[in-house]
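Two complexes come next, and they have one chain in common, chain A, joined by chain B in the first and chain C in the second.
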Partner chain A sequence: MSAPQRTRADRWFRVQHRAAPYLFVAPFVLLFLTFGLWPIVKSLSLSMYATSGPKDQVFVGAANFRFLLGDPDFRVAAANTAVFAFWSVFVQLPLALGLALLLSRSWLRGREFLRLVFFSPNLLGQVFVGVLFSVLFVPQYGLLNNALHGLTEPLHRYLSFIPVVELDTKWLANPALVMPALVLTSLWMYVGFNMIYFLAALQAVDQDLYEAATVDGANGLQQFIAVTLPGIRPVAVFVLITSTIGSFQLFELPYIMLGNGPGPNKAGLTIVMYLYQMGFVTGDLGYASAVGWTLALGLLVISLAQMRITGAFRSNTE
Partner chain B sequence: MRPTVATRVLRAIVYVGLGLLAALTLTPLLWLVAAATKGPDDLFHYTFFAPRGTWANYQELFEVFKAVKSVNFLRCGINSVFVACTTVLVQLFFSSLAGFALAKYSFRGKKQLTVLMLSTMLIPGQVVMAPLYELIYRMGLVDSYLGLVVPGAVSVFGIFLFRQSITQMPDELLDAARMDGCTEFRTYWDIVMPVSRPMVGAFCLISFMGAWNSFLWPQIILHNSARFTLPIALNQLVGIYQQQYGTLMAGTLVSILPVVVLFMLLQREFVAGLTAGAVKG
Partner chain C sequence: MNRSIGFPYGTAALLVLALALASGVWLAAHPVRSATADLTMWTFANTHYNAYKAAVPSFEKAHPGVHVDVQLVSGTAVTSRLQAAFWADLDVPDMVEVEISSAAAFFRGPLEHVGFLDLTDRIHRAGLWDGMVQARFAPYTSRGRIFGLPHDVHPVQLAYRRDIVERLGVDVDKIETWDDFVAVGRRITVPNKRYMLEMPDTEASRLEMCLFQRGGGYFDKEGRCRFDDEVGVQTMLWYVPLVAGPRRIGGDLGGGQILTKAIEDGYLLFLAAPDWRTMSFEMDVPRVSGKMALMPLPAVKRGGPRTSTWGGTMLAITRRSPHPELAWEFAKHLYLNPAELAERFRGTNIIPALRSAWRQPAFSEPRPYWSNQRLGDSYALLAPQTPYQYASPFVSTAKGKLSEALVACVQRYRTRGPDGFEPFVRRQLRGSAGELRRLMSRSPFL
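And now, the complex of A and B:
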């Protein structure tokens, strides 16, 4: 230990040990500050400018936000996005939970296979799903109309309250049907994805609690309310919030399915599509930033409300 | 205990229901595969596969598309592979390194950094789209691969994923490596990374899918069709081949195949990684 080279090596070893964490986070911090934090700060100031492309900028103060709140197009976009988010949350999540409950039964065979099948649509990006479904939705010849027509026509003969789906139903050209088409497509895409989260949460619920509940004479529904729901609450809240945020960022699916536009009567115009059009087609980056911040603030309020309602702040042990 | 008759009937119903739902889920995918093999006359004449398949759609896709609109679909596929792989490697390296530092070291500014990262995670990416474009424009990186990859080079999500899994690694393991004279980087490279292999697999797939399916940012950044990635190229294809569904389906199928193959390879790790943050979080 007394040899001088040895102590020098020791010193170097200690120095590299102490410097290591700083060096390890350095590349991240550098990139994060440049491409993560700086644009966020910058977008706050940019949202107060009227711009034309990245070069011309004029300070306009809060005018962007004032214009935004009075802009009928933004209202349409916000309403469409909210409707889509509503259906995503209230149809998709219960379905995903239901599937997860069924797939977590121990007597069910082929669980792994079914999980894989239900998850598989999520491998496709929204652009690819958009192209595929725009063909499935084709009037007259498309698979969906033919299947629905073939199904509803004989049913209608016996049960007249069931409407017949006509072969030339124009899903993507009829303003009233654009949103159902989008919801249907996103159901296909994301039910299996959310199911994976619920499945993992269900597996983490303490099985002894079920036995105790059975001993106490609780039936299936009572067990679900008293054991399952509290057990999966943290994950359920996580899924609820992330899928709400995801739905509010809807862009590619309608953009592709409606031929790179908002669709008939702007029935498929979403907030992010509006942001993209104003910022990168019209070229007003300042206005786009204002749209972005409005979206961010709206999402913050919604997320906080969801956390309050679902009791995410309560501790899980009470 | 043998299940009662009522239970067995109920189970049969569940099997049938799940079977139908599974078939319903797979139908669009099966139709996609079939449609890509059919000529225009057979496309809607046969619901799924026609008795005689054709390669004409692929010929159209790779040869005619290039000639008519000078968008080289093969080239776009190579671009996509290049961009996605670069993104994965860069993100993997930076995220795991920073995640390791956050998990196993105490250093000045660690807490502030964590809070800062968490709070930016709450802000949707579209907020920064405009200033990011302005920044990339000023750096002269518009219409370049660098402009495509660099803004997404760090993944805050990835850092938390790695911090999570590395925290659970026993400290003795790392200390033993240091006793043997490993530098901190060697410890990371030879111990931490091999031990967190499942998380590496999961992250690679998540990050690859994110880069592969990305549309909005490439759409904003890329102008020259020689640099298009597949989602951009496919969108162009839709504009040109509006009624030639077979060619569109062939293009879609080619575009999703790499992700499907990668998923098959990394399936187990993927599900574990996807849910790790949510369940343990």
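And now, the complex of A and C:
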């Protein structure tokens, strides 16, 4: 190759070298700007309009947010979502961790099969699970009522303080039972999923630490508190935050199980369901955007609080 | 890395690439055929779809060179896809059937932005205002303009298990008013075993039916919320003790297979039956064929109307249709041809809004499933009494608010009985209606 040709090739190589990173990230950046950032900016702008679909808009400033603060339906939706998130976090995660601890024991036979069994509900998808459980919860002829009735009726004869579960108990039509039904369904679906995270975290805990703790005379509980929990802390924080965010985004399960509505007395109305109703049933995209932004800000605050409480901001070397 | 294959990113990546290439080639070889129809129509009900498909050849024969494409689209999808298409100025069908509870949502915003063609003048010019049951235009009217042609009337009767009811010594001919009905119900209801009437205590579809029968409703003619008026209060006061408390006669287990079992087992004896629901019973509960019968709804007061209404469908022409006149011709072909309407009645049990069609022999045929009663005649007799129900874009929210009030009243009645119930009902309805009015007042477009 002659010298001018080499120079041209070198220049072309330098141009490629400089442009390559930008070209590699360009597809993502373009997609993100179009389908990520632009909708976010647009929804922030929309939240300041009263709308009837996207064509009819009137600027109302912060009126949507002011209305939202006094909106009884939004308050119910927020309370329901918070209750669901509370039970999801404080029942689901300990159960998932307990299962992970059990299924990580080397003496347990068939643990690979059990891992698959506990994880498998997650393969089905929320819509399918919603349909499945709405059949299980059916009054009079449903599997759950028949099982509980068969169990509690004989027990009640001997232990009168145990109430009999009636066959016509309406899990999805009784405001007091809607949330337990949703939590139960979600437990069935997600305990196994979170268990996988904890299993992976448990396998990463340094086994030497357990041996050292045993030598120091620590019992099982002490080992769990002093070795296991600190060892799985990063994963636990991750699971805690993603579970909380997932719980606050609850939509499909109640939507399917409660027949496309909020359930009796709005007992199954969640924030995202309310957002959907406002945006796509009532057609007020502006108010729906305000609901969405409020949810996003609320989640940000909750996540930051969780990270602070769990010490996620501290480095591992502290 | 599998060196024998020689692909630098591994076998999995190679397989993905091969799949992508193969599917791309297949798609290129099988392009989606572009629409060639002159008219496209969406309907959400399978029975409608089959009937309209059967009606297409005669229309195409009468209009040479015209091709009509009728498509079956799920009810939820009709609403959401159509709404999205209107909002985004995308392709919409020329004609679409919309369910009554979704229809008014499309009337939101300035009249000129409604996605449907204003049919008011066409309806008057064609004499349909007088030829159809006028009450059925009300749900499809906004600010005095009619945007849909009513597909049906949907008067309500009571369907009942004739065999069991007769065995229990009940003579339905002697039941004229709701008081008569409730008295019988209190006698033959056995809690948790057998209920006189299917009456939900958590959603307001049957309460709404009773409200309409009493002349009430969600909205008045001007679209103002009214379900907390005196009619609403009295209806709620009457309804709740029938579904709650020790003297209840109403039960409800939900729909689908459970309802089938409940009817087969005689758990529910009477069920509200608009004409469309009789076909559902025939299809879903075939085992009770010949054991079912129909009776008019009991009147609120002796001599009062013996029916109400539940459900409905309108046919609309989209404003962006390039062939509105052809679409109107097809609409008339589907909805105004007595012979075809009669044939369709045989397949759906739905009596059309066009009154002259009811004289067709099909409406007088005895139906074995219904103990050989003349199903069509029985509904046609009641159809002119069908009450008005006025529309508002907020109707689905209103239904939710009334359901909330019902649940609250049922809970209150269950725990504290009739003491202080009336003031509670008034307060509850006022509160629910107030929330709706507050929402409505936010909209600058109504």
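Keep in mind that, in the parts below, the second predicted complex is superposed on the first by the 299 of 318 C-alpha atoms of A that agree within 3 Å, B and C clash if a C-alpha of one lies under 4 Å from a C-alpha of the other, contacts with A are read in each partner's own complex, and residues count from 1 in each chain.
By our rule, contacts are C-beta pairs under 8 Å (C-beta built on N, C-alpha and C of every residue); 3 or more make two chains touch, one makes a residue touch a chain.
What you are looking at is a predicted structure, and each value in this text was computed from that prediction instead of being measured.
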Identify whether chain B and chain C fit side by side or clash on chain A in the overlaid structures. clash
Regarding the shared-chain residue A:P254, is it in contact with chain B (first), chain C (second), both, or neither? neither
In the superposed model, which partner reaches more residues of chain A, chain B or chain C? B
Does chain B (first) or chain C (second) touch A:F280, or do both, or does neither? both
Determine, under the contact definition given at the top, whether A:Y141 touches first (chain B), second (chain C), both, or neither. both
Per the contact definition in the header, classify A:V58: touching chain B only (first), chain C only (second), both, or neither. second
So in the superposed three-chain picture, is A:G231 touching just chain B, just chain C, both, or none of them (first/second/both/neither)? neither
Check the residue A:G268 against both partner chains and state whether it touches chain B (first), chain C (second), both, or neither. neither
Report for A:Q16: first if it touches chain B alone, second if chain C alone, otherwise both or neither. first
Please indicate which partner A:F32 is in contact with in the superposed arrangement: first for chain B, second for chain C, both, or neither. first
Given 4-12, 58-66 or 382-390, which part of chain C has C-alpha atoms clashing with chain B after the fit on chain A? 4-12
Contact residues common to both interfaces of chain A (with chain B and with chain C): 54, 138, 141-142, 260, 280
Any idea which chain A residues touch chain B in the complex? 13, 16-17, 20-22, 24-25, 27-29, 31-32, 34-40, 42-43, 46, 54, 99, 102-103, 105, 107-108, 114-121, 123-128, 131-136, 138, 141-143, 146, 188, 192, 196-197, 200-201, 204, 234-235, 238-239, 245, 248-249, 251-252, 256, 259-260, 272, 275-276, 279-280, 285-286, 288-289, 292-293, 295-296, 299-300, 303
List of chain A residues in touch with chain C within their complex: 50, 52-56, 58, 67, 72-73, 138-142, 166-168, 170, 173-175, 260-262, 264-266, 277, 280-284, 287
Considering only the defined contacts, which chain C positions touch chain A in the complex? 76, 80, 83, 86-88, 105, 108-110, 113, 192, 200-203, 251-254, 258, 261-262, 267, 393-394, 396-397, 400, 403-404, 407-408, 411, 435, 439, 442-445
Give the list of chain B residues in touch with chain A in this complex. 3, 11, 14-15, 17-18, 21-22, 25-29, 31-32, 35, 43-44, 47, 94-95, 97-98, 100-102, 105-107, 110, 113, 116-117, 120, 122-135, 137-138, 150-151, 153-154, 156, 159, 178, 181, 183-185, 188, 209, 212-216, 220, 231, 234-235, 238-239, 245, 248-249, 251-252, 255-256, 259-260, 263, 267, 271, 274-275, 278-279, 281
